[in-house]
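My structure is below; once you've seen it, I'll send some questions.
In this document, chain identifiers A, B, C and D correspond to the written order of the chains, with residue numbering beginning at 1 in each.
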Amino acid sequence: MLKIEHVAKRYGRGRQRKGVLEDINLSIGKGDLVGLVGESGSGKSTLARLIMRLETMDEGEISFSRSGNFYDSCQIVFQNATAALNPTWTVRASLLEPLRLMKGDREGYIKEMLSLVSLSDVHLDRLPSELSGGERQRVNLLRSILVKPELLICDEIVSSLDRLIQKEIVELLKRLNEEMGMAILFISHDLKVVNYLCDRVYVMKDGRIVEDSVKQDGTFVFSHPYAQRLFE
Amino acid sequence: MRKRQVVIIAVLLLLVVLAGCGQKKENSTDASKNQLIYASESEFDGLNPILEETNVDALLFRGLFRFNEDNEATTDIAQSYDMSDDKLTYTFKLRDDITFHDGKPLTAEDAIFTIESILDDNNASYLKSDFTEVDALKKIDDYQFELKLKRPFTPILDKLTVPILPKHAFIEEDMRTASFNSHPIGAGPYQFGEWNRGTNLTLKAFDQFYGLQPSIGQVIFKFIPDSNVRAIQLASGEVDIALLDPNQVAEMEKKDHLKIYDIDTADYRGMLFNMQNELWQDVRVRQAFSFAIDRAQVVKGILKGYGEEAYSPLQKHAFHNDSIENYSYDIEKAEKLLDAAGWLKAEDGFRYKDDQKLSFTITAPASDAVRVNMANYLAEGYKSIGAQVEVAALDWSAITIDDTDAFMIGWGSPYDADHHTYSLFHSSESSLTSSGYNYGSYANAKVDELLEQGRLSTDVEERKASYLVFQEALAEDPAFAFVAYVDAVYGIHGNIEGVKERTLGHHGSGFLWNVEEWKWNDR
Amino acid sequence: MTVKWIGKRMMLGILVLFILSFLSFFIMHASPGSSATAYYGGNAQMLSAAEKERISRTFALDRPLVVQYGAWLMETVQGNLGMSAKEGRPVSAILAERVTNTLLLVGVSLFFIVTGSILLGMEAGMKPNSLLDRGLSSFSIASSSIPAFWLGILFIYLFSLKLGLLPSSGMQSIGGNDDFFDKVRHLIMPAAVIVLTHVGVYARFLQDSVKMEMRSYYVKTARANGVEEREIRSGVLRNALIPYLNYLGMTIPSFFGGSVIVETLFSWAGLGQLMAKSVMVKDYPLLMGGIMLTGIIVVVSLFVIDVLMFILDPKLRKRELGV
Amino acid sequence: MKSNKIFIFWCALFGLIVLITVFANLFSTYPVNEMNMDKVYMAPGDGHILGTDHLGRDVFTRLLHGGKVTLTVAFGSVLLSLVIGVMYGSVSGYVGGWVDSAMMRLLEALISIPSLIFVLAFQAVMQGGMWGMTFIIGVTGWFTTARIVRSEFIRLKEADYVKMARMFGTPIWRIITGHLLRNSVTPLFVVTIFNLAGAVFIEVSLSFLGIGIPPSIPSWGNMLYNAQNDLLIGAWWIGLFPGLLIFFTVLSINFIGEMLKDSRL
């Protein structure tokens, strides 16, 4: 469904030009649960932004098999839920935003979907500042899946949450994947979560993908020393 | 830290000391100076007396004749004159001991040159209408000349008070652009000193003056357009004489060092109806607006009693006619006249005719507080007869009187009855077609005829009769809604002696008429 | 490198003047019938047809507004600002008489504002919770809320009318008292009004910057290391002056604007009074000249402030020069 | 706690001034232009609580009506400059790139020109009434507003929720109004408050010089136009009360602005 071939991205000019991503190859199929791990600064978020077409690449090609509006079938959830929600908008207004073009009972649809992320009607009229961190991230997540995308990119979405809520969110993603057949690219530096959630994983280091591995018998097997060290 | 506070205090102290020093200095130098500082209400564009009238003229220039204390023309540069029996030819003999400020003698040629220059259309002199009856001028010798009139014209002697210009200053020069206009040469008691544009003009006593040698060495005209600033500077001693607004008088009277002169004038204020505006075509409308002015209140509230109600341009003249329509305050009459003229009151309280609202704007010069106040008071009062009247207080230079609906006019002359009547009310003097002062393009055949009679007849009784009827005709078909005569109230330093009061012209002009007789009793 | 920096600043200044002239010209000439006679000066009736023709050709009066502006710009660059409609004299001559007066008033006021605000601001900032520290912000807000002309009226009433200490208006006494003290006495009230309505705001700004500096790490270390108080003071001042100058640069235009009112109130024969008068009498060439000259003064002052900041601020120097 | 009370005090004072001027007709004791030549220069006291002026008009009444004019001009012009400033700043901040640089250069130039000069240029040709004055002050007072809007936009444009909005296909006007402007309200409000004080100042100063609102319309500035004269002859009340009212109006606006600014930091 998503195919990334030989993608490179560089910043700066002239001599100071620095590669952030080099020769990235990655693919995600329908309904896949894919992890992308690496230390911070390894280029994961840049790659996410490239996929989402928020930035342009310098080399290579990213192809997405779905026609029609790209953002209807591919969505992202940002790490910082506070920054991702307009502080002056109520939850309802934020949730209505992606449904601008939807016909029919938008309100009803939202209410229906609320239960999916374990939120209730009472939250609709609250401002982001009146929600807990977990609630905020769930609203954020919900907003991205309202359009029922086929691919959802989650950029470090559980990193700043406490364990309990992390678990909730991860379970939620799993359920979404099962019930809606939504493919998920789960970007994280938290290996435990990736291990638990994903079926396939790419390991990034210094702007390159050093290894990828498919889960076998509940574990990943790596050959690259960095990946091995990482997953020990 | 201490040090800084010391610095601050030192700076403050220094300022106070500086202020103190200057203070002392000014007081000591001022008292020793034999000079007079006059707070001039406006600055002039130029000092050529046949192009522009200024209050400096009386000091710089003299004419063949001069108005005395009773505003009668008496000989001055002219030693004597003869009039032929047909009253058409005058022969003037000039004094032979007079020199201009530049030392050159004043001769008959200069007198002839002056009159010819006034009559020369290229010069566009505002005095032209005064001399239109002059037929020919002939030099007899250096100190004698002959003036021939087309028709008998008694006021000619009044007109010959006009300042004499030195012919030699205009050789190869255009009258309008001559350097004379910013550096004048006359034969008066004071000569030109220095002109700092925007601030002041200094005149120095002329030691070759043929008349009484002035006692005060310098007269300085300080240009202060704001009447408030004039009063403040008078109070603080920065100027020695200033014309006061009526409401300033009471406060100035409290100052020990000032003397207040409340001088009668022939200076009236009125609302000029611009006949270009269709509204005024109907005489009943003009009459109505004349009736709807509460003049008593104007005199009391705005003039503070320094003035009197006006109804005629010749009210202060020997030829005054008291039995004409005085237009004393009468709202009912005004309403009836407007009803009759077809201006009917609608529900909103305003009058309408053919769907047009009864409304106009009174323009007044912003620098003249009295006129602005009058305009405001009139406008407010006209509301009661259903007219919506706005007031536009503008700078003089932004006013074109012939473009206004109505203008707060100020005129009047203490001299011959012809002066300030012919050029104001005769139809040939319309400001649109001539250099006259008929700004409203007022035209009334009867008034024209009477003014001509008055000007051309030589018999005093006959003239008086003409002017009495003229006042009647003008009252029936008013060109102005006369409001009030305003006194000229001058505040003057108490140590100055020699001021002689006489009925003054408009804007109190002429107060300095005998300044060469003035002196400081302490300097 | 420095040359390049100065060049850049000057280009900006020229751009400012260009925009100013362009906008003012169009505002003033957009109204019908205002432009043609304005160029003839006060003697429109007396000019010969040929002369009118010549003037109207020089200033392209019969052409579209843009062409007129071009013509005006060409003449102005060559120093010909036209004739005053009211006085009938060249605008440049009138401006020349006035500009030194404005510079004197504004210069003296600015001097006292800057020294005063630095003294006050430093005092207040260095001594937290002192009376000055707590009082300054209230004083600053209060003093900047008084209309300058209102304070001026009160001053005239008090010092000229009641106490008779100072002359109420004008630039000097008439009649030969053309000495230094006389001028100073006339200068005191207008300058005091400008200073009093401005000094608080600037002092407060400096006070805030000084306080911020005082909280910074380097001051604490310096204190702990026993560096002399005087040295700390000068260091703090130096750093606090940078934002202060920046603020001064931002507000100096309105400062020049404000002098219009003070000059008019005190009949100070400067550019401001001239411009207010030309507005009243609709003397466009004169107003245009006054506007341009004021613009130049502002641009030059901004340039001076820029240079000062450049000298004081190593970071700016680094950034601008790219070293 | 204490500063909160002070804030409320200034708000209340300003609100009171606005209220009494808006409902001037209810409070005024005489018709606004009624002249009474029998009662010129009456000191405050019987019948005229703040005295009368040189034409026997009630100072208190004119103070209320004058305030209505002055504050209408101030509010109107601030609204106008807010609209212009927001539009200019939005375009500059949102579009970015060379459009932004060009617009910023222009704005920098405009800011370094005393706005009073533009006002004078306008006044020379217009010399209109109340609305003319509002227009003039409005079109010459938007520079700082535009600058604030631009810098806020540049800051907010990079916020995640704006990125999300773009991905959701939210139209630009909606992004600008709903996201960017909505979140710039506080700084905009502060700058507008200060602009309001400035607008009152400009109206009052120009009218005082006689080149503002036509003298026939009572405004605080116009009331002071004659005040110099009146002060000279001892009628201090004609100039004092409008002056005080201007002072307290501007003071309360300034305090409100300052406290809002501080609370934001």
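Here is the rule we use: a contact is a pair of C-beta atoms (placed from the backbone, for glycine too) under 8 Å apart; a residue touches a chain by one contact, two chains touch by 3 or more.
A quick map from chain label to UniProt name: B = ABC transporter substrate-binding protein; C, D = ABC transporter permease.
Predicted, not measured: the structure shown is a model, and the values here were computed from it.
Touch-path distance (fewest steps) from chain A to chain B is 2. Averaging Cα atoms per chain gives one point for each, and the point farthest from that of chain B is the centre of A. With centres defined as mean CA coordinates, chain D is found 49 Å away from chain A.
Centroids built from CA atoms put chain C at 57 Å from chain A. Mean C-alpha position of chain C lies 23 Å from that of chain D. Chain geometry summary: the mean Cα position of chain B and that of chain D are 44 Å apart. Contacts with at least two other chains are made by residues 156, 161, 280, 282 of chain C.
In chain B, the residues touching two or more other chains are 232, 235, 366.
In summary, the structure contains touching chain pairs A-D, B-C, B-D, C-D. Per the touch definition, chain D reaches chain B in the complex via residues 33-38, 40-41, 54-56, 210, 214-216, 226, 228-229, 232-234. Residues 159-161, 163-165, 167-170, 178-179, 182-183, 185 of chain D are the ones that touch chain A when the two sit in their complex.
Interface of chain B with chain C (complex): residues 1, 4, 7-8, 15, 18-19, 21-23, 25-26, 29-30, 33, 35, 37, 45, 124, 176-177, 197-200, 202, 218, 220, 222, 224, 226, 229, 232-233, 235-236, 238-239, 366, 394-395, 397-398.
In the complex of the two chains, the chain B residues touching chain D come out as 227-228, 231-232, 235, 245, 247-248, 250-251, 294, 297-298, 300-302, 366, 369, 372-373, 376-377, 379-381, 390-393.
Across the complex, chain D meets chain C through its residues 105-106, 108-118, 120-126, 197, 201, 204-205, 208-211, 224, 227-228, 231-232, 236, 239, 243, 246-247, 250-251, 254-255, 258.
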